[in-house]
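Both of the next two complexes hold subunit A, though its partner changes from subunit B to subunit C.
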Partner chain A sequence: MTTAVSETGSPPEGQVRRPGLLTRARRSFDTHWYAWAMVLPVVVVLTVLVGYPLGRGIYLSFTDANEANIGRTIGVNHIPSTYQFVGLDNYWKVLSGQEGHFYSRLTWTVVWTASCVFLHYTIGLGLALLLNRKMRFRSLYRVLLILPWAVPAFVATFSWRLIFNEKYGVLNAFLAKLGAGPVDWLGDETLQKLSAVAVNVWLGVPFMMVAILGGLQSIPAELHEAAEMDGATPWQRFRHVTLPGLRPVSGTVILLGVIWTFNMFQVIYLLIGQGASSESEILVTYSYRLAFQGVRDYAGSATYGILILSLLLVFAVFYRRMLSRQESVR
Partner chain B sequence: MSAMSSGTTGPVKSRVRGERSRGVSVALHTALVVASLVSVFPVLFVVFVSLRGRDGWQEPTKFVGFELSNYTHILKNTEFLTWFGNSVIIALGATVLGVLVAATAGYAVSRMRFPGHRPLMWTFLVVQMFPMAVLIVPLYNILGRLELLDSYTGLILTYCSISVPFCAWMLKGYFDTIPAEIDEAGRVDGLSPFGTFWRLILPLARPGLAVTGFYSFITAWGEVAFATQFMSSEKHYTLAVGLQTFVGQQKAEWGLMTAAAVLITVPAGLVFFLAQKHLVAGLTAGGTKG
Partner chain C sequence: MRRGISVAALVGVLALTATACGGDSDGGAGDGSKAASDPSSVSGTITWWDTSDATNEAPTFKKLVADFEKKYPKIKVNYVNVPFDQAQQKFKTAASSNQGAPDVLRSDVGWTAGFAQLGYLKDLTGTPALDKTDDFLEGPLKNAAYQGKTYGVPQVTDTLGLLYNKELFRKAGIDKPPTNWKEVKEAAEKIKDKTGTAGIGLNPDSYYSLPFLYGENSDMVDVEKKKITISDAASRKGIETAVDLVKSGAAPKPAGTDGYNNLKTDFKNGKLAMLIDGPWATKEIFGGEAYKAKDNLGIAAVPAGSTGTAGAPVGGHNLVVYAGTKNFDASYLFAKFMTEAAQQETASTTIGVLPTRKSAYTKAVLSDPVRDAYYRALDKAHPRPAIPQGGDLFTDWLQHYTKILTLKEDPKAGLDATAKAWKSALLKDYAIQE
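Up next, the complex of A and B:
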């Protein structure tokens, strides 16, 4: 019972007679109770605050719950819930395209995620390569380039709304100096989307840059020297030494980037999501609006949430499998 | 390595590695200066507008009329300081609670092999993928039933659920780097596993704790969706909610918004620059080690 540290494996095996279930359970408890006690808080937190809500969410997505029929307490009166189980109805409505333009929104969400992560990664990689050389002002550049990361996302988004302002924005003021008319950056649908991508790229590049910089510095210099001695051009060295060396870091940051961007709430919601137009909303912000605007459609919102989660899970599984296949080829 | 390339004859070839021709050097610095301008401009612009008085934002290209009226106004006549205090209380609460919970779990997962070990690690990963959209409605209903809506406790608990899995994941990676001999030494000296953890490992893991603490702090500090729905009375707004009131649908007090933005960013930014180096190492280490 005093063995918790660096304990390896389950109770010793290879006994002649396997002890009864109860004995084994007690023995297992004796060996592992310390470990279990230490993970108990996390398990409780996750069960109560994630597991239970998730279960409720899944359940809600099979019902027609909304603000009008969900149980609530007004003053001293308790109104019981009257919503009903409707099976896969919600999923059918969403997936058949009857409700909420699911496919156009999904397309935009995928475009949004792909373009943001692509730009994050390529710009981050480019800047990291530039910064990874000996030169003057290197640490100054580094600090300046990390700056956007230090600004909380909601602050940055509001600041960009001011910059994009149609009438008084500094961007249009510059355009006017160049002789161009004012552009309604946050009004027009396409421009809205472009602006949102721009803001999110501005916010996300520093993280990628710093992570890749760390990855670059972990590639042994000898590899580059050897390649150079063999007469490899800079491009060849980049393709065959730098990129493979970055693979572990790239794999992680791209996976994280996709998850974060797919679920990015602040930028879309605070930049454009509160207006009348909802064409530029991604799945997450739309689901949020379903739940908290107009007649609160709890069931619809939950359905969207479950769909988002499933999409991400499928993506993560395929992505990891792809990565490990690449590893084994090499 | 310089010996090998400096022996050759041509003017280009004879450069030592790490040196560049003038043209390349100019191009390099130009690219970095342009990138730095793009990255710094919005921040400087906000500082600039905040110093231009209540309506200075309407003439963004003028360089006159600097005053501090926006700052004095938000500090004196708005609830800004209350919101700031709320944000600090909630973010600190979420940080302390989250890091404590995550540290014990991270340690157990790092040092002990127990039934349930793998599923737990797996859960940590999956929870990071949860869009808040799945959880927000059920959490809203649950907190409503527990009468924790519009309270600090409710939001602190919510933020814990966001940051704990990730923190546990990062801390596991950090504990893995502390040699197991230290635990053994503690055990020999008669400490219990928990004593070893508390007296020996936690102090050694201080940098890792700082990084995860910082991560959960900024997560809570910058969260919008939960705070907007859960905190319904103005007294309990966090900064993320309060800032929206300056630039709502009807009025647009951009002057006040910019001043508030500066006041929100300065403390967060300072802490950030102290922690960012470790933050990246922690983030990527947790992920790549698996």
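Up next, the complex of A and C:
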């Protein structure tokens, strides 16, 4: 739908044409000015709470500011500002690998995000398909399966930590019954990562399930019936009716899932502990560590923050473009 | 980072609204002349952040605060209990934004120098807050100082000791606690043979590695010579002693996460014969089935290394005064009152913490075997390096010490990596001692 749009004139009948941006803005202002007035406080508050910190974060990432050299006057003590503008130095240090941790963390963050979202989606899809059938106690199952999502992530994470405990955990007690030795789930690097993925999958599947279930129910039953009449096998129906019908929902939830998982702070930070887990840290927890451990490294942490934001922006833009391309192919 | 900054902003705003009502403004220079000459005329409101345990310890300190208010009716103390593990960051956030920081804070000895270097604390040297300094124990007073000035008033102190299960020792035929790591190993083997119980619990936490370093006359850093000494031969020997205990089976291999809690649970239920720990752990241990008879718990000084010296770190808390307080006089009076011998004695006899004043070690305090044992263990206690990075050194070291003790990393590699990490981030002007 990339036809040229004229500034004035009503669209011809039968064809949906959108008026120009300015016109639309003016028209919407004329009819909805009161709405704009209502939104204004929110816009102001958001600018203060999001816009300003973001701007300041970007600025700090170009300096070498930390807790010790940022100027301040605290009662009787006056400390002058001694931090300097260093341009792209911070980014260069991080991206050239001098700072040492970026690429290994990025790799693990990507692996973590990909595996979590893949499992979220596939398990969620499977459960949604099951729950979409007519059966007894369907609503009961739905309530039970949504439960993990209702538990606050930090509560769930701490419970899982107890389950994974090497000595007193339920999981190892169960393994001992089966005759297997105790496993230090949260001690070994690989197991740590596996455990974190498991917990996050447990937390994230319900949301996917509910979202996909909604999508399934919006697929007209006639499509399935028609396909059945044409002699399509169940697999073919799934492949050619269900999946395409789910596309709009899937596109959105996968995008959301990627952003959430990429920044999933609690699971990593609370499950694996805050000190002994440098390899299992993702970018966000590392950035937190820079900002809140020791002499706070404002510049370094801002640099990481901006890099994370850029990565996600780039991903979102490409992902959206890929989706719309798929749409237009159809 | 967006999250951090907005959180900081939010905390700042909340704290501002919460404590916008400051005290009367007087004594801007903070010389405390009013508090010294005419304490009863000092008035106003101050806020105290107490980091003690909210269920076990806080009620006692609240009572002491009430006593203070009774003595100085014109001063009101706004008592706030802040969880210990959040207090350092919370104070830093409030202090650096100059909004909502308390007038007086109960600061861990490891934080004090760092806060002082960042300009958050008032130098208390010569103020009424520091009363009768020669009555303080030497270690705690050293831990309150930074660059020759004293920034905190020692409130409580502690150190590590060797806790042991007397009954298991008796069953194994050992009549006195081991005094060095070699004897620990032998005792552990005997206990394992005779009773089948595991020997000694080693917490995979960096703070608990210090006795092994001090036992070889080494330390994490040499402040005077500006050298990082954690990777030198003596330190390595100490850490290898710890690793040897794990490898030989004298100490069970700790878990990488929650290892400490597991060891404590084992020890209090009689499944572990010895544990290196501080007085703060005794309350929980007495709740275990192996210590229903309290005298089953033996406490000795930490074992010595191959040099024959034994040393444990001095821990504890100081009362520090925020440099931006509006009411220096009241803050000094409060810090002074809370650290006087009488108040220390009350705190010690009710909740078991160790006083920092010699005169507070009265008969009532020493009649308790746990306090008595730790008081004697304080003789062998070792002040930690008084450098601003003191608290942060443990963070890098923790990652490697955990891996070393769970046998996932070679001691030499871990120690070298720790030294390198310190040099690159915290101690740029230090040399690494080979």
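The rule we apply is simple: the second predicted complex is superposed on the first by the 285 of 330 C-alpha atoms of A that agree within 3 Å, B and C clash if a C-alpha of one lies under 4 Å from a C-alpha of the other, contacts with A are read in each partner's own complex, and residues count from 1 in each chain.
Simple rule for what comes next: contacts are C-beta pairs under 8 Å (C-beta built on N, C-alpha and C of every residue); 3 or more make two chains touch, one makes a residue touch a chain.
Since we're looking at a predicted model, the values are computed, not measured.
> Check whether A:Gly57 is in contact with subunit B, with subunit C, with both or with neither, and answer first, second, both or neither.
both
> Based on the superposed arrangement, let me know which partner A:Ile79 touches: subunit B (first), subunit C (second), both, or neither?
After superposition on chain A, A:Ile79 lies in contact with subunit C alone.
> Any idea whether subunit B or subunit C touches more of subunit A?
Partner touching more subunit A residues in the overlay: B.
> Go through the superposed model and pick first if A:Asp184 touches only subunit B, second if only subunit C, both, or neither.
Second partner only.
> Given the touch rule stated above, what does A:Glu166 touch, subunit B (first), subunit C (second), both, or neither?
Once the two structures are laid over each other on A, A:Glu166 reaches subunit C alone.
> Once chain A of both complexes is superposed, is A:Phe158 in touch with subunit B (first), subunit C (second), both, or neither?
The first partner, subunit B, only.
> Does the superposition put A:Ser310 against subunit B (first), subunit C (second), both, or neither?
neither
> Using the touch definition from the top, say if A:Gln293 reaches subunit B (first), subunit C (second), both or neither.
The answer is second: A:Gln293 touches subunit C but not subunit B.
> Taking the superposition on A as described, I'd like to know which of subunit B and subunit C A:Gln236 touches: first, second, both or neither.
neither
> Return first, second, both or neither, reflecting whether A:Leu147 touches subunit B, subunit C, both chains, or no partner chain.
After superposing on A, A:Leu147 lies in contact with subunit B but is clear of subunit C.
> Check subunit A for residues that touch subunit B in one structure and subunit C in the other, and list them.
49-50, 53-54, 56-57, 70, 72, 161, 165, 167-168, 265, 284, 287-288, 291-292, 301-302, 304-305, 309
> Provide the residue numbers of subunit B that touch subunit A in the complex, in ascending order.
These residues of subunit B touch subunit A: 1, 4-5, 17-18, 25, 28-29, 31-32, 35-36, 38-40, 42-43, 45-46, 49, 57-61, 100-102, 104-105, 107-109, 111-117, 120, 123, 126-142, 144, 157-158, 160-161, 164-165, 168, 180, 183-184, 187, 192-194, 196-197, 218, 221-222, 224-225, 229, 239-240, 243-244, 247, 249, 254, 257-258, 261, 264-265, 268-269, 272-273, 276, 280-281, 283-284, 287-288.
> Name, in rising order, each residue of subunit A that touches subunit C in their complex.
Subunit A residues touching subunit C: 49-50, 53-54, 56-57, 67-68, 70, 72-79, 161, 164-168, 184, 186-189, 192, 265, 272-273, 275-278, 284, 287-288, 290-296, 301-302, 304-305, 309.
> Can you list the residues on subunit C that touch subunit A in the complex?
1-6, 9, 28-30, 89, 92, 95-96, 98, 114, 117-120, 122, 204, 255-259, 262, 265-266, 322-325, 388-389, 391-392, 395, 398-399, 402-403, 406, 408, 425-426
> Spell out the residues on subunit A that touch subunit B in their complex, using ranges where they run on.
Per the touch definition, subunit A meets subunit B at residues 2, 4-10, 28, 31-32, 34-39, 41-43, 45-46, 49-50, 52-54, 56-57, 60, 70, 72, 127, 130-131, 133-135, 137, 141, 143-156, 158-163, 165, 167-170, 173-174, 177, 202, 205-207, 210-211, 214-215, 225, 228-229, 248-249, 251-253, 255-256, 259, 262-263, 265-266, 269-270, 274, 283-284, 287-288, 291-292, 298, 301-302, 304-306, 308-309, 312-313, 316.
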